[in-house]
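My questions all concern the structure below.
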Amino acid sequence: MKAVNQAKVTAQGHSPLMEFSLQKIQFLDEDGNWVSERPEFATDEWLVQAYQHMVLNRVFDQKAIALQRTGQMGTYPSSLGQEAFGIAIGMGLQKDDVFVPYYRDHGAHLLRGHKLSDLLLYWGGDERGSAHGPKQDFPICVPIATQITHAAGAAAALKIQNKNQLAVVTIGDGGTSKGDFFESLNVAGAWQLPLVVLVNNNQYAISVPRDIQCGAPTLAQKAIGAGIYGVQVDGNDVLAVYQAMLEARQRADEHKGATLIEAITYRLGDHTTADDASRYRSNDEVKQAWQKEPIKRLQNALFNLGLWDGEKEKQWQNQCAQHVDEVVAEYLTLEKDTAESMFDHLYQDWPEVMNEQLDLLADKLTRMNH
Amino acid sequence: MAAVNQVTSAEQMDSVLLEAVNLALHYEMEHDESVVVLGEDVGTNGGVFRATSGLKEKFGFKRVMDTPLAEALIAGLSVGMATQGLKPVAEIQFMGFIFPAFEHLFCHAARMRNRTRGRMSCPMVLRAPYGGGIHAPEHHSESTEALIAHTPGIRVVIPSSPARAYGLLLAAIRDPDPVVFLEPKRIYRGAKQSIINNGEALPLDTCFTLRTGTDVTLISWGACIADTLQAADALAEKGISAEVIDVATIKPLDMRTMITSVVNTGRCVIVHEAARSFAVGAEIAAQVSEKCFLNLLAPVQRVTGFDTHMPYFKNEHFYLPNSADIVAAVEKCFKEA
Amino acid sequence: MAAVNQVTSAEQMDSVLLEAVNLALHYEMEHDESVVVLGEDVGTNGGVFRATSGLKEKFGFKRVMDTPLAEALIAGLSVGMATQGLKPVAEIQFMGFIFPAFEHLFCHAARMRNRTRGRMSCPMVLRAPYGGGIHAPEHHSESTEALIAHTPGIRVVIPSSPARAYGLLLAAIRDPDPVVFLEPKRIYRGAKQSIINNGEALPLDTCFTLRTGTDVTLISWGACIADTLQAADALAEKGISAEVIDVATIKPLDMRTMITSVVNTGRCVIVHEAARSFAVGAEIAAQVSEKCFLNLLAPVQRVTGFDTHMPYFKNEHFYLPNSADIVAAVEKCFKEA
Amino acid sequence: MKAVNQAKVTAQGHSPLMEFSLQKIQFLDEDGNWVSERPEFATDEWLVQAYQHMVLNRVFDQKAIALQRTGQMGTYPSSLGQEAFGIAIGMGLQKDDVFVPYYRDHGAHLLRGHKLSDLLLYWGGDERGSAHGPKQDFPICVPIATQITHAAGAAAALKIQNKNQLAVVTIGDGGTSKGDFFESLNVAGAWQLPLVVLVNNNQYAISVPRDIQCGAPTLAQKAIGAGIYGVQVDGNDVLAVYQAMLEARQRADEHKGATLIEAITYRLGDHTTADDASRYRSNDEVKQAWQKEPIKRLQNALFNLGLWDGEKEKQWQNQCAQHVDEVVAEYLTLEKDTAESMFDHLYQDWPEVMNEQLDLLADKLTRMNH
């Protein structure tokens, strides 16, 4: 980490103007020990559910990679190691919140009631993968950071419509370098929007490490310039991410505006199945990161609390595998989309003046079927 | 502009194009609560051209929002709002500053319906004053409608008179898909036209035939329509009868109207002020040439700006097409026939 | 790719297009200290396609810069560097992400020389893989070259073979003005070609006639050249002799070569994978139709993508033009003649 | 001003992470009294020169507005009230620094050796206005905030070429909301660039007041998220702006990276001659701002120091008027640019394939000359 430049300077003409402080949230350390008191929301049931969701997330992830490797799906971005982030968000969201995901939020998607087969469809190169889900939620966003501005717009809409909900958006550490990130935080500050921005700081943007993205020691401090509240959380600690969301909701409810949450995670897998991370980072580094991964630590905590055991683990793993197999079957057996679908939903009111396009496509299909 | 703000429904009034825009915005905000306006200086100031004058006073800051200075933000916020039940009408202060809005416009606004198979849509309007001829500083005279027209899923609409500005803007706001609405600022305060403020929209996806004729079809849009009509007058004096078509909706193109006309006249001249190459004129010329192959008596001509940057204003008249250029192009059609 | 990094001057080698790009970058960085490379993942990772592989190891991080993730930044930094004696070769990871770079490209790179009357210039190259056909995710298959070609002051160059990639990229880097260099990723790892790594550039502003013929002129660029050549073979079997022209420099267009060809053949088919309307094909069709008015035996045909978004990859073959489409278009020219 | 959100929170799981402080620089108060000790650089000669430059700047400005009002020039952005900002920058720049201005830096231009008639040419709608000046300096930049990225690129070039100079860039308060501003600060932090960003916070972006641009109490704090040093200065105090530049240069020389300087000024005039500020702000507000304007306060300081008097003032005013009259004469008598100039310098190597364009222009000119 670079030195913090924003220290006091004693020089001619200088006088103090203001002070800012930044905090961190953590409950469980990497071994699953409590470093802060167990929070109220974390009932036995809550903890077990969070754990189960995270395991399902990981099982799904492994299957998706396998599908890609065997040519049954396209490029896929694994969420390996970032399950606490996605699951905490999914659990923290309320039904009528607007969720604006990026492309690595499989955990949250799972809890938003998306069919997992839709996720496979999407990454399998089929638009129908974005056809379902809560009507206000955004589809997966590929152009980095653009989703942040949509979330700000959604938050503004909630405010204009006097709806007491949140717009919740996710982004990667790389995404925090793009103008949209800043413009959106900035307007959220100026307009006091009910917006929660969660950064999955998984230390890499494809091959580019976190310290090439930004010279500041934290990404949370990017909130300061926008005049919104920023906080860093241990992103491998599902409780910490959830707590930050709770606080963010309270802040919005009290009309205190938006929140930026930087979650420190680590991308244990490749960027996507098209990437080979061994080109740009050491095995040692990855090995060390595995020490901090989110599932094991929560499992330890559950074991310590007597809420989980080997038998339950085995059962749950089986259940997950079975569920995911069903999902895969659904994906693989869906009948093919039509060629004409490329014109469906292009405009709600089909411009008659475009009919020639349909003729051209029909001709092409005739040729293809020969 | 004070008068504009006190207009009541169905009142008839003489308006310039700018006032017609303002009138349409007033009308639709009054009749549709989901319409909101945002952009730089659109609130208290009523826009640098006063197109949004009176809206904030009437509809409040929640529906008329001065944004921070960022065009990507303006477009992206609009996408976010449009997906959540609002109908944002956003202003880009000058078309020369529209580029940062492109990613949101092309990657999201234009795709949201298609991508989600109709689950979500983007009923938003991006308004921008465009074109040269008002002695404005650098970057204030661009006409890059071609860049937007290439992208599927969007409509691009350009009015050429107060009445069409009023009717087409209403249509644009009501359209369930994204519309880029470009206002030719050269004629913002041009000829007045009588407008009935009754909320009647004009159809999109349709050319308007402004003048019928038999010898040549003149196709144009925006501020160049004035020069084109002037050329048609000059041609009439020379005994050449020109049909004048206002394209109005640039994307998608109503080629049928244009082709039907050229089939009749056998000659076609397209007029626009954007740089010549890879512009909207090329698409029209390509289609007319293809579809009227056996009818054309002369090659389709284009009268356009040059393939260079719009010069600073002291030289902008050297760049902008004028009616003499149009007449010359028509005469060429007759020579070559 | 290891072999590429050890290449010495004037060595001859069989390369795919991607390697040819890499070779040209190595060559020019070695021979011109002012050349620097920047972009997302271009350094340690050598680019997501490995186009910049080995450069950072060889020339150090000062000349090969991984940037923060921001395309406007990449373009703007390049403008800043280019005006100060460097020759930045920047990579936009996929053309689908190029939009944020437009403001810097259009408002500054393209204008700096003109605006300062030659005091400053922008000798920069913006490289981007473009086009579909590799089963990539959403936004990874765009071909929006038309948007860039409309802007004056820029060159847009698209190679269609390893040798042309090598020679044209060298020319692009050496050109004193901004060049957008689009690499058709569908043929990144296509047919190998023998390349002499001697630093010899190919001319810009020139079409390449790949195959001579007498009955029809097929005009294309990028990955579609492969389909076009295949169609020419198929046509030959049917007794139709096709001339094939690789446009290569899209902006400015070498119309003379194309017109000369169509004057001879009397028929013209243009092939590109971008959406049909307002694309590069329109400009070529418009000019061919105008300038070959008396020579054309049939209307100019365009074989293109559709006016919709490139479908996700399961359906992309329904969108992309193929050689059967080209053959059919040629046959139409004969039917209508 | 909005409340500072970035205060300490005492809640479950929270622990302190880091602290930031922000400072302000000022030497002269609004009456010209010293609030900090007179700095070393501010010799008698320096102070008189700064004053003289500022007066010339204002006289030029008045003339330019008059030219526009009488139809002899185009839209013009006055620098009225912001002379200390422009002049301090001009004085703080070294010959080989790269200066990257926005459009309201007439004072700095003056000191960069630009012919003032070139400024009139530019705003008079003639490209030749940008043809001269230091070869590394950028022309006036109209698309807001884009110049910041060019300056970052120029700073990177200086670093790559091992040149020990600065890239110095100016921007308005409105400009700080645009993505380019943030992306450039961010890369300056990541790459430790020799970049100095000076914000002319004149409280308005056309009609939009500062607090609609950003919810944070200062713009200087936008440095924090980028990991660079930020400071606020009294922008009506030419010494404060200059001191901040001196410190920024030292920081860059010591390879400590970039600096963001927020200068608090007030735009006493309309946004441009095309604007009417009375539509959106009160006369009272403007009247109050006149109390703080930069020239009067420096004049007071000079009077107090015995360095200036009424006679000198009269003489200098006359000299300025005379100089500006000469400049105007030069502007008005320059022969017209040719139509063909639109193709000059479009490309260095004229593409022969574009010759048709020249023919088309020649035809048009023939028609125009008829």
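The letters A, B, C and D name the chains in turn, as written, and every chain counts its residues from 1.
FYI, contacts are C-beta pairs under 8 Å (C-beta built on N, C-alpha and C of every residue); 3 or more make two chains touch, one makes a residue touch a chain.
Computed from a prediction, not measured in an experiment: that's the story for all the values here.
Most remote from subunit C, judged by the distance between CA-atom centroids, is D. Of the two chain pairs shown, A-C and C-D, the one joined by more C-beta contacts is C-D. Averaged C-alpha coordinates put the centre of subunit C at 40 Å from the centre of subunit D. Look at where the CA atoms of subunit B average out and do the same for subunit D: the two points lie 35 Å apart.
Shared contact sites, meaning residues of subunit A that touch two or more other chains, fall at 127, 143, 177-180, 183, 186-187, 190-191, 212-214, 341-342, 346, 354.
Touching of two or more other chains is recorded for residues 67-68, 70, 72-73, 96, 100, 103, 107, 114-115, 138-139, 152-153, 252-253, 306-309 of subunit C.
By the touch criterion stated above, subunit A contacts subunit C in their complex at residues 74-75, 122-127, 142-145, 174-175, 177-179, 205-208, 212-214, 274-275, 279-280, 336-337, 339, 341-343, 346, 354, 357, 360-361, 363-365, 367-368, 370. By the touch rule above, subunit B contacts subunit C in their complex via residues 72, 96, 99-100, 102-103, 106-107, 110-111, 114-115, 138-139, 144, 146-147, 149-153, 251-253, 274-275, 277-283, 285-286, 289-291, 293, 296, 298-302, 306-309, 336. Taken together, the subunit D residues at the contact with subunit A in this complex read 2, 4-9, 11-27, 36-37, 39, 177-183, 186-192, 211-218, 220-232, 239-240, 243, 247, 256-257. The touching residues of subunit B, when paired with subunit D in their complex, are 40-41, 43-46, 48, 66, 68-73, 96-97, 100, 135-140, 276, 306-309, 311-316, 318-319, 324-325, 328.
Remark: subunit B residues 36, 62-63, 65, 67-68, 70, 72-73, 75-86, 88, 100, 103-104, 107-108, 112-121, 152-153, 155, 175-177, 204-205, 252-256 touch subunit A in the complex.
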